[in-house]
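Two complexes follow with subunit A in common, the first pairing it with subunit B and the second with subunit C.
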Partner chain A sequence: MTTLIALANIGLSMTVTVLAIYTVRHYFFTLNRIFGRHRQPFVDIIQAEWPSLSVFVPAHNESKVIRDSLDALLTCDYPEGRLTIVPIDDRSVDDTRQILQEYAESYPGRIQPFLRDGGIPGKAAALAEAMERHPDEIFLIFDADYIPGIRLLKQLVAPFFDPEVGAVMGRVVPLNVGTSLLTRLLDLERAGGYQVDQQARMNLRLVPQYGGTVGGVRRIALENVGGWNLDALAEDTDLTVRLVLAGWEIVYQNRSECYEEVPESWESRIRQIKRWATGHNQALRRYVTALILNRGRLPAWKVIDGVLLLGVFAVPLLLLLGWTCTMILFYTGYRPAWGVITVLAISSFNTVGNFAAFFEVAAANRLDGSRERIRMLPFLFLSFLVSTFAVGRAALSRASWMKGRPVEWQKTERHRSTRPVRGEPTGGA
Partner chain B sequence: MESLSPLVAFLFLLVVMLAWMSVPLVPSFIELLRPRDAKPLDAVGTDAGNLSYFAESFTARCEREGLFGSVVPPYLEDGSPVYAHSARHRLPKQLNAFTDLVVLMDSTPLPADATLNAECLARLTLRGSRGVTYRALLGQRDVLLGADSTVMRWAHARGQFKVRSGSRLYGRATSDHDLILDTGVLFERLDAHAVRVSGAVTVEAPKYLTDACDVFQIPEGAREMGPLHWRLDRDLQIPAMASLLGSMVSIGAIVIDEGARVTGSLKAHGDVLVRSGAVVGGSITARGRITIESGAHVAGPVITEDCVVIEAAVVGNSTTRTTVASPLIQLYPGATIFGAVMASEKGQTLG
Partner chain C sequence: MSRVNGSQSRRISEARNRGFRGGRIAPHRAMIGMPVSWTLLIDLVVLPSIFVVIMLLLLAPLMSGWRVFFEFIREPLGLPGVVASRVFEVGPYAVAIPYFTAPSAWPSMLHLQIGWLMTAVMASGSLYLRGRLLPVAYLFRFLAGLQFSAQLWFTFGSPPFAYDLPTYLNGLLVCGVVILVLSPFLVAFTFHIFDFLLWQKLMMGALVLSHLSVFLPLQAAVHAFVIYRASVLALPLLFFAFGVLLDMFVYVALYGWGMSWRSRGVLDAVDRRPPTILPRFPVNRLRPTPTPISTRVITPSSPPFARFARAGVNFIRELMAGERRRA
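Moving on to the complex of A and B:
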């Protein structure tokens, strides 16, 4: 019994410590965004000899949305002779391939589709094969439902004038905000994630994450770290960590915004989160040791942030451990050694710690200049409950922690039925 | 109260508690049922990345309103008055800052210390007097701002744009040709074929071939990140008349000595000093100060998070424009930048 109580105490202490670290991190990032210096050294690069660029649009059954994406890319102001748009069709069974062929005929040379019928399925494998055929200096990647603005390509390429930059990430902005409660909550979450979390990491020279879309990578950096990992469940997180370990910098550009379609159904959202969580946990398993050993001689803060970034989807497992330990201690009649301090600590965490993420989202909306949408904040409890459930299930799955190879496309369901008019959104930014 | 059963009391308390807990959700439900802020963020700005955007919009408006014709209409479509200024017509003393528009019909100088709170179209060459304040200015030909002038939002010249000493250019100043600044001018964002600081002759870097230099030996310990791309965990000095073939990232400071050549780009976590006669074919990025001495040449963007100092040197070239971006920018006589100069905090020309 004594051993059990001791183990439960250790488990609980560990859980509390990790949760406290994440809480401090949330507050630190939020306060940095409110009071700190906004770091965006490349956003003013408007004139330059722009490098050769390939824009890849991986697609698997994307006939509902791919036209909008290609139309938007065609109107971008990147010099024509330096830009190749490469939509990748990987075994679509809908009209995606016909649409791409139609665009290739209409825009010969500018749009060069890459059509796949064999090989390993999935985004990473498709990108790896397509990139072999395009020896341009910079590769940008957009998911098929993304609608870039006219100047976005130049904005995303600008950081690559810094020879230390290996990858760049722009900001994702939901387009279908008003569709449902879920889309409104996702809009809030996205704001918190990008406006505060990513930008604070950029400000503090930590590890902004390359997110796999609305971003890109320098060709020689990709080659330097061994190309795409074909068995990575989250090829973006996987690449982020490998680039950081190899000494490349990742730049987040808050003003390089691009519209996306967020999931409109809870089933779709749960699948999306489980996919992210599984991929993140796989990257945690693969790279946490390398990060901690720090063979890349990274600054200590970068290492700590890297570990916390990778561990974020493993937190529900720790929560489960904490709850179990708490129940063991309660039912064994264990009385905490410092009763009053423990009660105060728990009360403090309940009043401050639990709301760290809410504070972050509220600050993000304030920074965005949104006025009314912050009223939806209490509903985020619902979203967090669903996320915790989904992430917890993913964290307990075999794919998170065992070796394996993805054998299918994992994509989010599309809902768009009508084509949006460019420039239509008018919310406060 | 004595007759209240425990169950009823419990239910009563439960209802009160739930009602109390739901108070914070009332605004949420109102916003959910009657959305007032459910549109996507206006994310993709049309004016970002194009400094002459406002000038283009204003030009289109002037065309629409017939302000380029031989006769200027007295009112705009929305009923706002148009004020014409010429040798025969003087401007009224006070203008509405948001609706009234000023057309300068000829090159008659504006009165000294005048304040134009309206957008201003100069149809011919503009010769501004001392101390004039412009809210926004479009010059269809050359523009010459007199000493101690101020531009509050933007100014654009279709021809050459000259700015006399003591002037302050808030916002954007752009030209389709050259933008020539005297010393003692404060600025924020400039874009022109060439931005020059007058008062000294720009020294051109000698145009000898890279082959004429000794090939710079990559320092021991430098990590190869890719073909012709290295990272060095200490300071870097490229000796005079040596040639670095490729790009280099230094964790410390970088000094490029007189006459040295770099074919790629450079990045320093510390300061960068480009000495006289040195040439960098790519970009320079630094976390610290970048100093480009007289006679040096940098072809690509110059980017820092601290300060850029450019003496009588050249950045960019006449066929390929580029950008200098930094919180603080100091330009000395003879500095020539082909392209944009973006000072997010303070730009100034110094004597």
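Moving on to the complex of A and C:
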């Protein structure tokens, strides 16, 4: 029994230490975003010698949404002669391919679809093959449900005028916010993640994450780190870490907003977050040693932030350990040695520690001007609970930690109704 | 720009934010932030200190109020024993926190059977909650998991349990009092730093303190009633799920409401929220115009060839233009 209590004490101390680090990080990032100086390099440039650009739109059964995305890209203000839009159809079984062919005929030269019927499935493989066919200097990537604004391409390309920048990431904003409780909660979470987390990392010159969509990468940087990792379950996180290890800068442009559909059903959300967690943990397994050993001679704070970024989806496992240890200590009637100090520490940690994520989300939405939405804050507990269970299950899966899982297309369900064909009223807002 | 350190002078900074007819241009939500000023010192130190001092002064009468409430509610709840007090000391400060002395029994067979049944109902019922109710299913599973651990312990364990009702209640209320005294600093750190008006900051502090002052004894009374009736079998679930965690959510709810108040400050200058309804391509944006059919005929569809041809034509044009300029 004594050994069990000692082990539980060690486990709980470890958990509390890690959680305390994440708590401090939450508060520090939020305060930096509120009071810090914001870095948004070159975001105002509108006249320049723009580099040649390929915009990739990977699509797998995206007939419901791909038209809007392509129309939006076609009306962007990037110089026409320097822009090629490359929708990538990877084995779609719906009308996606016909739609792409129709657009290719209507906009010859500007839209050059890449149609895949074989090869390794998955986004990374599709992007790798498409990249080989387009010798442009910069690649931007948008998911098929994204609707970029008119100036977005220039805003995302502008940071590449700095030769040290290897990748750029924009802000993702949900467009179907009012659909359900889940979409409202995801809107709150996304605001916290981008408006606070990503921008604070950018301000502090840490590791803003390249998110795989509404972002881009420089060809030379990509080649320098060995191209796309075809067996990566989360090619974005994988690339982020490799770029950082190789010394490339990643820029987050908070001003460059792009609208996306967030999952409208909890089942779809669980699938999405499990996929993210599995991919993230795979990247953690692959790169955490390299980061800690610091072969790239990165600044210490960048290494720490990189490790914390990679470890974020492993936290639920730690929480599970912490709960187990707490229960062991509780049932065995273990009394902490420090009496009053322990009571103070536990009370403080329970309130301040648990509140950190809520603070971040509320601050982000206040900055966004979404005042009324903050009243939904207590309901975030439900979202956190579902995410913790889902991520915990993903973290326990073989795919997170073992090799050999085949990569496949993992799609988030689309909820938009199919758009009427050209010429018919669209009924947009 | 300042010649010394390259920073913008205040006048230039102000001029940049002036718009049509001298109106103020509100910054985009991506760029908005708040300046660090000396008033933060008031927000972070002075206001919470005032609240803490007031709270410490009011703590003794508040505890008397709790004691009166406990004595009033003890009989209607059917709790035996008396309302006792235990002194909680931190340094030179001491406060007598009241609690019930009602005994708590080791669960009987009936308690265990009802407990197992409720756990099973919660766990199996969660399997039928789908769609919009899925998060409720997860909540049920979480609660069922906690109760399952208690069921296991009390089914296979033997008395005495490490905690009895009086000790547990005293611990819960001690934690509550600590939270009560420290919460002004949490309010300051998370709410006062924003650009709210002074009365809003004072209001939020007062709201949190008064709500917790009423909520904590009510919570303790409910816990006492449940544990006395349902034995210590209910204690772990109440401790883990409806104890300090619930106190924290009281603050989250009030905080969420407070953060939605209009402040007339920097962050409230305009409504900068991203659009909520954007079902597809916005109608106020022109659709792309397809390339005319006549042009398509002479535009090669093969991308490399098209580029090569265009580059060739452009090269010849530039050559000819150069010749003309020279001539």
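As a working rule, the second predicted complex is superposed on the first by the 413 of 429 C-alpha atoms of A that agree within 3 Å, B and C clash if a C-alpha of one lies under 4 Å from a C-alpha of the other, contacts with A are read in each partner's own complex, and residues count from 1 in each chain.
Keep this in mind: a residue touches a chain if its C-beta (ideal position, glycine included) is under 8 Å from a C-beta of that chain, and two chains touch if they have at least 3 such contacts.
Note that the structure is predicted; figures quoted are calculated from it, not measured.
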{"item": "Subunit B versus subunit C as contact partner of A:Thr75, first or second or both or neither", "value": "second"}
{"item": "Touching partner for A:Phe161 - first (subunit B), second (subunit C), both, neither", "value": "first"}
{"item": "Which partner, subunit B or subunit C, touches more subunit A residues", "value": "C"}
{"item": "Which of subunit B and subunit C A:Glu372 touches, first, second, both or neither", "value": "both"}
{"item": "Contacts of A:Leu175 with subunit B and subunit C, given as first, second, both or neither", "value": "both"}
{"item": "Partner chain in contact with A:Glu49 - subunit B first, subunit C second, else both or neither", "value": "first"}
{"item": "Subunit B versus subunit C as contact partner of A:Asp117, first or second or both or neither", "value": "neither"}
{"item": "Touching both subunit C and subunit B, counted on subunit A across the two superposed complexes", "value": "150, 171, 173, 175-178, 181, 255, 257, 259, 368, 370-373, 375-378, 426-429"}
{"item": "Sites on subunit A touched by subunit B in the complex", "value": "39, 41-42, 44-49, 77, 148-152, 154-155, 158, 161-164, 171, 173-178, 181, 184, 187, 220-221, 223-224, 246-248, 255, 257-259, 297, 368, 370-373, 375-379, 423, 425-429"}
{"item": "Of subunit A, residues touching subunit C in the complex", "value": "27, 31, 33-36, 38, 40, 68, 71-72, 74-75, 84, 104-110, 112, 133, 147, 150, 171, 173, 175-178, 180-181, 195, 199, 254-255, 257, 259, 265-267, 270, 326-327, 330-333, 340, 343-344, 346-348, 350-352, 354-355, 358-359, 362-363, 365-378, 381-383, 385-386, 389, 416, 419, 426-429"}
{"item": "In the complex with subunit A, residue positions of subunit B that touch it", "value": "24-25, 27-28, 30-32, 35-46, 48-51, 189, 191, 223, 225-227, 229, 231, 233, 247-249, 264-267, 282-283, 285, 299-301, 303-305, 316, 320-323, 325, 339-340, 342, 344"}
{"item": "Of subunit C, residues touching subunit A in the complex", "value": "28-36, 88-90, 130-132, 134-136, 138-139, 141-142, 149, 153, 157, 161-163, 171, 174-175, 178-179, 182-183, 186, 189-190, 193-194, 236, 239-240, 244-245, 247-249, 251-253, 255-257, 259-262, 267-268, 270-283, 285-288, 290-291, 296, 299, 301, 303, 306"}
